[in-house]
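Quick heads-up: structures coming right below.
In what follows, chain A forms one complex with chain B and a second complex with chain C.
== the complex of A and B ==
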């Protein structure tokens, strides 16, 4: 009885609540707007979910190390322009995808180096590079790159699994599965968590804290690259602002997924659920008939709710009484003898 | 017995500071070797050199007959050297299992990939727990553990390295008497298995109870190594402070006045049950008990930090209502936290700023802060309490633990409290400063401050207090007066056995 009760309690995790919330949205949509389940809409949602999730997994690693990256959106903008340049030549997906991942890697790595080498707080460093990246693009490109060839938009229009499912979903599935295994079974991931939990103790354990932080950014970079590639290839025109502001949705997905902004905790499965819920909001508003102007406010409200629920559950957990375990209790005589009575008698002279 | 670790002529400097000067230390198989010295004597630096956190400028480290040089802590682990720090270094959000094996997870191969082998780690951890005779849920997160349990995990972590050399840095600083006994049991059984243990402690009683040899260091210099059996407390203290000390508990006789505070039927659901006590003017009243007995919780409740469900507090016979700490200050209570780094001081600020912080309103001339007034207030306490700092604007983080504690107490006293609540006032403080802090407490009592003192060190309570309340399971379970107070009596009530 007690066993099953505690097992039930263990199930009441952030992920569990998120799952219930997600199912609730899906059920409500079924009742309120059956059209929501049209193949077309489902595929649109899945595509958005996929690229949001891919970037959010990268962001999750960064947040686990107790950092933050507000440059993610601007990196995605840069990636979009870079791959448009490459794609304009008629290069196929693998070529510009690698170019995009490479761009993400370099820019995000730079962020990591700024933070660790110059000892600048992550939010300041990435805020500065955001301005730098966003500011540099219009200097290089005037407005947009357009008339991109069919080879460029192949991923969005032709690459369909079973003829309907966007290929981006496959990208997301493989990356998610890979990172789930990685976060559970690699020594590297344990070090990431350790750094986020307690930098000082991590150093004393022989972990190179700065290296781990740089690597978290370096891993996130190519993921932003993939995300940027999916976003950019959705049309024949690529503008200089395609990723601007997207970092907030990415961070929101991670935080909603239960990753603590102070670092050291958080699971990929949470990020998956967080990203999925956020992917549903805008289309759901549309189908219910509310203006999409509402969607930002609704997303904000959902995040606020999630944070409040998390905070209440920690508050109630902390209220429990500390009970001294009875194990190893010696008889009073033995206690009195072994306690340093003789040696420690008060010496008042 | 074989020598497992030898340090010869170690010198370590930091910019502007000679931290270790020609230091020597040796550790034999199956011995417990205490290292003692005042705060700042160089114990921690010495241990960080042994564990590869620092590199010595010169000198030799020999492990099991082989000269070594460590570039990082992992190399020291690999040589079988493990350390348990004073502040546990567990990763709070991670599970016990992950913590034990962090950095040296057991791996298994699956084709070209290597995976963490949770099954093997679990099995090994359980075997270690069996040796230690502890039972903990391996999937519990470290943040949900008590201090003593965390220490057990730290020891399990050390054992998982198959360590032959174990360094314990002030392991009992935040443990209760009973937890200390359990820890000692484990340490002794490790010793029997041939593990060499370096034991750093401020508590001399522990050294005499547990250790075989003791090395004293002072100001970064090696002073002496003695067999515990052939030395005594006074000799050690003389070595540590470089002079002889004859009064650890300078309690002065004080005229006890009428009742200052009376607490009746105080309840806080799940934490405090029907707590009743009173303290008279000029008294030093101790609160003893095991960790979790509710001593700190009681102090926090009467100071309004936590909400009480029911109960009455009377000051000088008049009922007072306390909803927050501001009310408590108005009633004349001041609380000095047990964790001075976290709640007692802003260590990045100066001695002066810390002392004047609670009453900046009194430090003004017109609308501006008057530096002269601030300096005068800070200077007064620096002189009165003997805070060792070169100037009032010296940063508190650069002070020793004992001096930080004096700043913490100064800040409280500057508010002229009627009732001063001291929570573990000498935790992590060296012998010399301890006696000085006791002197200050006694002096305050003489000047008419009434003192509510929580301590886990029974000799301290017995030496300093007029009366001692013993708490157990969130209530006051007993009371002993100064004349009849003994450790046995207090323990019997705290453990509740008749």
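== the complex of A and C ==
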């Protein structure tokens, strides 16, 4: 129990550090560029944060099961085109939102089946389907779908809470709250963590590992669908490449939030903080007066820094625990291998 | 253990050869089909200046990547390293001359590779995450340095990028030399064998006395060096580059390697498969262009090729793995103690 308590402490500090970092950014921005807190800018940041977070929550589930989904961006591109087709007819938001979620569900579910039925590593499987999705889109659509009606862009332009806050924020809030409760209390989420921690042990305890993995993908799909809907409705023209490359930012948000890429750990609250930090970078640099050309570099550096900090804290912990017989360097490595960054069973009742 | 000993006694790698022969058959069949549909494809000039030249940077980078994937690692930052080193070299060459440009390109390649290696090995961060982050970082630095503008080729890169000997491009000669070196490195040296060992079981490999850290760092540095090498040709060939031209190059390299029969899970694979796969992708790319098939269909076809090869390899995977383990233990001559023997010779 002592061990699990210290692990729990560690989980707290990962998010604690992120929170400090986030507050630091916000304070610095307050001092350096008060304009940053203009209503317009805050709402732009919040909108980006919302759709990044919605997709990142889905990705988080997938990564918890020790898979990864590099097809997320291309699925979002497909969703954008599908809802543009539906929205072009003048259909209202609920109709094309459901179409988008359905598209996401089907494509992501196929990815999950592909990975589990054929036992192919997720990264190459989703890499292959990415090429299919990206390749298929321009065959169906010539460049872009344009002149979309006002009913299509209603979400971005008219749907404001109290007249200012974009409705996407409400989407993100509801989804985040729902998933936080879900991850905290459902038996299903415990199984997800179990699968990510140790597939064989999970099988032995009677969990259908493949089914859990497919379900993780199937849940992520509709979330990509919502994300794609928010992205696509921001303008009257929808192109075939709207989500391409966005998967990297989504994965970055999840990893920055403290979810270990080797699976079995990670909390929604971490993902929320990770997504928020990433959505601040580009606007913050703009307002400070640094060229936004550097934002990719800063994003890469922040992700790297975050995983390095997490890794170092794990390494030093392991060194304390293990008595190393001979090869000074070898044992902690061996331990790191079996218990990668933050593999703590995160929910110990 | 018993089953291992049994496989050791069996005749050598029948299936391993078959994979490569199957790939070779596919390659020849593709060339013939496309050649019959459009005879220009088969002309020497087209083969050299379009089919081969367009794939060479990816081909070069696939060689060290094969080593990395065999150790169960991956390097998603290859395209970014290439562009970063090309851009850094190009910018320095504008103000300080070609010599400095050449040096800076190579230095950037080495430093990027070393950074990847050190983070992965010393800080125990998974190669996937490390190189995903450095993919952003290196490309981002290139973007920041150029403010998003193009960087132009200088005399040296223009020369090497377009140099030909009777229609035989210099880059192909470099590729052939590199391919031979990497094939020998992987199949004939203790270093090569230690890579398989690392991919199959890293902990066991460490405990058997192989200097795993050094070996792993070395292959990421080699990857950086080859990326810098590719950067000279790439910059020369296109005469100007922007930070985002190589965004999907990492995925193309991974496609080549998976098609070549190297398992993304590590421990399985060989260089010959990768080399044949490079030419299959090259023929597919330019062949579809010559047949006037739109670029989007080509993306689909490449994805389909990757999916089919994944399915085939996943079905045959288990058997292949056993045989490749046999290869590893056979490669260095007799005696199953070869792994311990190899440790002493592992180059720094």
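The definition used in the following text is that the second predicted complex is superposed on the first by the 308 of 349 C-alpha atoms of A that agree within 3 Å, B and C clash if a C-alpha of one lies under 4 Å from a C-alpha of the other, contacts with A are read in each partner's own complex, and residues count from 1 in each chain.
The rule is simple: contacts are C-beta pairs under 8 Å (C-beta built on N, C-alpha and C of every residue); 3 or more make two chains touch, one makes a residue touch a chain.
From a predicted model like this one, the values you see are computed outputs, not experimental measurements.
May I ask you to decide whether A:200 touches chain B, chain C, both, or neither, giving the answer as first, second, both or neither?
The answer is first: A:200 touches chain B but not chain C.
Between chain B and chain C, whom does A:190 touch in the aligned arrangement: first, second, both, or neither?
Touch partner of A:190: chain B, not chain C.
Could you look at A:289 and tell me whether it touches chain B, chain C, both or neither (first, second, both, neither)?
So A:289 meets neither chain B nor chain C here.
After lining up the shared chain so the two structures overlap, which partner does A:163 touch, if you call chain B first and chain C second: first, second, both or neither?
So A:163 meets neither chain B nor chain C here.
In the superposed arrangement, does A:120 touch chain B (first), chain C (second), both or neither?
Touch partner of A:120: chain C, not chain B.
Pick one for A:94: touches chain B only (first), chain C only (second), both, or neither.
neither
Using the superposition on chain A as set up above, list the residues of chain A that contact both chain B and chain C.
The overlap between the chain B and chain C interfaces on chain A comprises residues 327, 329-330, 336, 340-341.
Any idea which chain B residues touch chain A in the complex?
For this pair, the touching residues of chain B are 51-53, 72-75, 77, 85, 89-94, 98, 102-103, 105, 107, 115-116, 133-135, 146, 176-178, 181-182, 184-185, 204-206, 208-209, 233, 246-249, 251, 270-271, 290-293, 458-459, 462-463, 474, 486-488, 491-492, 495, 497.
In their complex, what parts of chain C are in touch with chain A?
The contact residues of chain C facing chain A are 74, 119, 123-126, 128-130, 132-141, 143-144, 146-148, 202-203, 206-207, 213, 247, 251, 254-255, 258, 264-265, 294, 296-304, 306-307, 310-311, 314.
For the complex, give me every residue of chain A touching chain C.
68, 114, 118-121, 123-125, 127-132, 134-139, 245, 248, 251-252, 255, 261-262, 291, 293-301, 303-304, 307-308, 311-312, 314-315, 327, 329-330, 333-334, 336-337, 340-341
Going by the contact rule set out above, which residues of chain A touch chain B in the complex?
Counting only chain A, the residues touching chain B are 184-187, 190-191, 193-194, 196-198, 200-207, 260, 264-265, 319-324, 327-332, 335-336, 338-341, 343-349.
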